[in-house]
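Next up is a structure, given as structure tokens.
Chains here go by letter, A, B, C and D, matching the order in which they are written, and residues are numbered from 1 within each.
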């Protein structure tokens, strides 16, 4: 472990790479605050009433500068916060240091092992009870569902169902989680049951995490109310689309300084992430080819002038591959082996299994590390490919993730969801909710002034003609934006 | 009336501008068929079983070349069709002639008066019963809801509610409708009640028409099952977005041959129609300013780099104004009076009341007709503006509407909706339905081969991982594309 | 001949299609004047001094609304003008009528035969001397060099060199010219010699026409000073690039209403015309493929993300072909025979020989005329292609050419060149000149206010630092913009 | 000085930051070679004949990875090379280390003082003569003209003209140069005269450096033949335009991770650098405003849909300012004081005097260093601005400069120029030459295969029709591309 550790004390425990980076982190936090008008406006509006006063909140979300602004927003409106990252590579160490320096417990550094990662997650869940034991969170801010998974699996085990922890693991990470749960079972008997007793809700912001929540709900296994933040328009259509449009090229540039103009780039998937990625690459002068399974998205890609074909059709002529699907096995070992020499392969979708990274490691290809997050693999035929961020999110692994302004939209949704969950903790059931459209519009509204937008106001006659309130919401639920 | 009329006979009655244009229309129909693979594929699939065999279908939809392909598709799958346009300016006379020449009754020409327009609508509803009387349609293809309105209002009158027909009219057109209903009451007593008895459903494709249907359904007044075709992805995200991206500039160019590069263009509204319009104008080198009431759409416009402000802010510096809202009074008389000299004003949204056309006519501004659909109005201050298509849809009034390929998507939805309504006529209630996602994906799929798209196929393992069927549908209902 | 003819009289002779179109033409002229600030500014500046007072000017240039504004500008600054079109299809009949109605002799209608075309050219050259004979022009405004060719060939013949007129003709048009010259020789002996005696210069605005002038100059055969207007930045980089970006799609749309999104379009040549054409097609959502011979232009196309390959590589997968080269035999018969069914073929470069039109006519392919300027050719294999404007310029044949604003740049250059030629008639030699950069900058400057541009002014210190005058010119001659 | 120094020895002397970075540099060099097909092709073609065999070459050019490939290309074709950077911030230390490790003398590190910078330049000029003294270069590769300046000023001094070294200096840097020359005068009497005796030529690649060369030539002071590499199409239209399109956003992102979408960005100057910068910012969704002095460039910007106005007009509403002019005092202190809070100011043009950096330092604004190359200045009114790279080139200071592929074009021109200078050393005069168009086309050709471009070949008939050779060159000298 290459982290600096401060254990339990008056002013907060932490595990970060280098606490001396706190000053630099604070300077960038100051800058980010100007770019996150939504969060700052929520602070102003709710600081006095402190709607989360004393509420224990665990966050599992990329520990970046932007997340630091989110953390301080939660604290400003009263919460007692502990935090871990949701990705072993995505922490910005100066951001983590700045947060740790204020006394907020944070457990995250860039380049964790999987064992360290899950230990950090447990640390973020463990609120000292002042008697040497631990309480769990009352609310969870989740990104990808790892905290939700851990609590559910821990609770299941304590309920006597040992089938999963004793089953064969399909991946190394799965085994790491099982080992952790077994350890907790020994060290903190009954812990998860006590955690669940206090837990009031979770807000989740990824497609993948939301999908897991709906599955749990369908199976009747969801333990708390959940808010699907991902499907707020100001999240899915902003973070996924505009965020990736800004950060994909940033990751590619910082990794390899590659000229994008004139290159053939394959974007696998044409959802919001794919749309943003393709737009960015084309704007640089790359020739973009899209792969899709969904005929509607495929037709959308064609209407924008992209060639749409299969990945097999592109092998040997494409220079850059980007996965954006949320699915697995998109780029398979046999694809990588047949690529043009020096092709670049990366993922901006969800998990690293979009690319068959494990198969690549096991393939006998010769691995050369160029610099952190940039590896060259040379195959028997003499061709090489570059794999970025070990197949994990290239914008977070090789650059600094989405910029502050777009994250302010996502995190405003997260914060409003946390306030909503707590306010309705006695009313909500263990189901998946989405934020009402009015809050979605409110998030957008909070970001307009910063960029000089002037809204038109409906007259009462016009509102009447349309059959909508003058103040909104303006669109039916099924509206697609 | 400047139409050629053929009254009831063996091989079809019609009112068209010039039946001698039929040959030209047929040549363009042949071309359009190649651009409408969805409709042609439906013909091939269903011609043998003829799912609409003998079904009386009334259509009220812009009588263009593309609609002619729709009409012949409905006939190929068995329907007995009568048709009118849904707009006094949108008929392509050679298209109407080509349809009339085949013996299909069609009642439409470019430049109808409002009286003629509603007479044509009645003609399209009047299926000769062979005994000198008339039957009504069993299914209706509607665009804007005029046929649906007429039947509902006629039925209401025959049910004894005379309040509406005797009320003061808010527009000339409203009075025309009332006059027509009173005439039918005299000439065909009990007609609307008989029509409703046979009527099994309506499919509607505009935002405005769908809005009316939902209102009727909420009030419990909807008489038949309705399918909302507008909100199929392959309609709203295709026709509205890609259609306008192609046809707005076409309308502007044919009207005034204006250079778009370097001009300041104001797009009122940033829904799908606004998005397509703004993209087109920018691509030509115009500087686009957007006006919006909805903060989410406003933020989307800003993220694309458009200036977003109020219309008042643009007066005196903008050259072109385009309304895309579906709302009324967007461009008001006082706006037009304050515009830059020679500003161009047009509408691609819905009704002509997006622009205060009536107020303009009444304002004392001097009107000079440049050519059909292009009028110059000169104000007292010496400044002039150009009003296109009298405030009606500029792409249909000044050009030929959306191109065939995009209409093939919309009309495939219409056709599948008609088949669905008939197949489920005994099962559906008087509610508003939308097409199942699988049909939406099917419509897209039918258009891929023509443009050379190759879809990727999910493996069973991937489908399992995502929790979707290998063959689709692939997305949750709330997915926004 | 389907023209209305008025022979010599007090107030001007003419051959136009329909003089009753004059009113409509005048209305459009009024509109165009607002879009042509450069020409209007030249009128204001020079009307009082009339630098072309009494100078006989013959123009051979597409007789459009924009050209009408040029003609009236030349007249306003004193010239005695006669005009013909430079293309059998490019005349806008209402523009010609409007000019004829003012008493300015014009000889042009849409759809001339080649014999009629060259007769019109002669008419435009024939200024009545008041004694039943004819004088020639003192200045020529040329577009493509047809007037220049005719005078040079006529003069050559009168000098006793009969080799060309008696040689075998490589095209029908060549024979038409020879026949005309022989006729003139009989009817007006010594005419060309007298014409040359008075002729002081020509300004020429096409790449092709300029190329011919340089060839004549190199061979020592050029009879008068010539100004190459084509290579003014405000011509070649504006008319060719921005003009085609506006008018290519216009031609395609008016011809076939085709959806451009999703289509594969091949642009042959990536000079300024090709750059504008490719940009326009891509903006509509077409997938553009470029063909090039020049490695620099090819690399430019690749840097913009276009696929660059040979035309042979695209056969069977491309939907639209556009030639932009100024070269010949770009699209050959064997290409057309191997194209995808219903491919569209058109030319926006220079002559119709960019496409092997003659070979197509002779090929036995079945020709179906869809409407004026749109023909379908069906090959033995059952496939068809559409040929637009018979291979001549699609933007002029199928639409109305470039919009007024961009033509105002080109025609301001033409007008300044005419003034310059006359002012320096005693100083210039029989060489090809280009306009000084200061005039080029002046043309740009005249167009800025109309579109709201505010220029920054150099301080004297900055001008000194750069080594340029405060008022310009700002760039070295070799600067490429 | 924070450099590692190795003094004269068998295998090369150097001053670099950290020689242990050589391995990392070599890995990136390997990658860059694949992206620089022009240089690699020149190596293959000329390695055997070694046209620069034994020629002493001094380079003064940003010591990046790409330059390292240039250096090794020069060595492969025989040259004896010594190198310095031409900018105190632009060195990539791992690139310098990799070159030093091969025994090639290199004197460059990121963050030199001005004194160190000019010492390094002298080191690069000083070829040990084996007898304890120094020879000068026979050829110079220059970027900005610093080596050329030093030799000319040293020679002038040795010729007895002491006026300049004794004059008052207008900047600190000017004094540094004078001090160096005085020191050399003492330590190496007659050195510059001996240098000039052997010096055969210089190739220069910047607008500014070329401008200096033309001035020297006009004054009759130029000492050697010079090749203007900047005005090769494959340099000015590639490096300036496409290079900046890739690297401007890269600099902004690495400096401040700022969201570009929705921001108002002002690009000062719309030459090639401005065109690339504006295109990049717009593609990210920024709203771009252009300032210009040249009406032609201003009209070009307007035709692309940019607002064109003065910088004063933008103060208070713009978020990002980028200078691209090559001029001075573009962004003045009073501009910076009136900017929106947190505005970002940077330069991608030429010298840091495009922004009044000295005035800013002297203004009393409070300076906070955020991280290297990123400073915040807070004014008395409480507003702050961010200045990037201290006003020097933001793409080199905050990112890694242009990507390899585009630099391969520029450096292929440099290499061909060096070969040409040496081959013609007995023929060329002390004038400024440009590379013949055929070599320009050749440079383009060398880069096509890598990106899959297939060129069309002229037939002899077509070449004849155009009047150009089948193999090129294809365009007249004045062609603007």
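Everything that follows uses one rule, which is that contacts are C-beta pairs under 8 Å (C-beta built on N, C-alpha and C of every residue); 3 or more make two chains touch, one makes a residue touch a chain.
The chain list, named the UniProt way, goes like this: A, B, C, D = Adenosylhomocysteinase.
What you see is a predicted model; the values in this text were computed from it and never measured.
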| item | value |
| --- | --- |
| Given subunit A (Adenosylhomocysteinase) and subunit D (Adenosylhomocysteinase), the chains that contact each of them | B, C |
| Chain pair, B-C or B-D, that carries the greater number of C-beta contacts | B-C |
| Chain centre separation (subunit B (Adenosylhomocysteinase), subunit C (Adenosylhomocysteinase); CA means) in Å | 40 |
| Chain centre separation (subunit B (Adenosylhomocysteinase), subunit D (Adenosylhomocysteinase); CA means) in Å | 58 |
| Residue numbers of subunit B (Adenosylhomocysteinase) (touch at least two other chains) | 242, 261-262, 285, 299, 302-303, 451 |
| Touching residues (chain side subunit A (Adenosylhomocysteinase), partner subunit B (Adenosylhomocysteinase)) in the complex | 211, 215, 231, 233-234, 236-238, 242, 272, 291-303, 308-311, 313, 326-329, 409, 434, 440-442, 444-445, 447-448, 451, 453-459, 461-462, 465-467, 472, 474-475, 477-478, 480-481 |
| Subunit B (Adenosylhomocysteinase) residues within the subunit D (Adenosylhomocysteinase) interface of the complex | 261-262, 282, 285-288, 299, 302-307 |
| Sites on subunit A (Adenosylhomocysteinase) touched by subunit D (Adenosylhomocysteinase) in the complex | 24, 27-28, 31, 34-35, 65, 242, 245-246, 249-250, 253-254, 256-264, 280, 283-285, 317, 341-342, 368, 370-371, 376, 386, 399-400, 403-406, 451-452 |
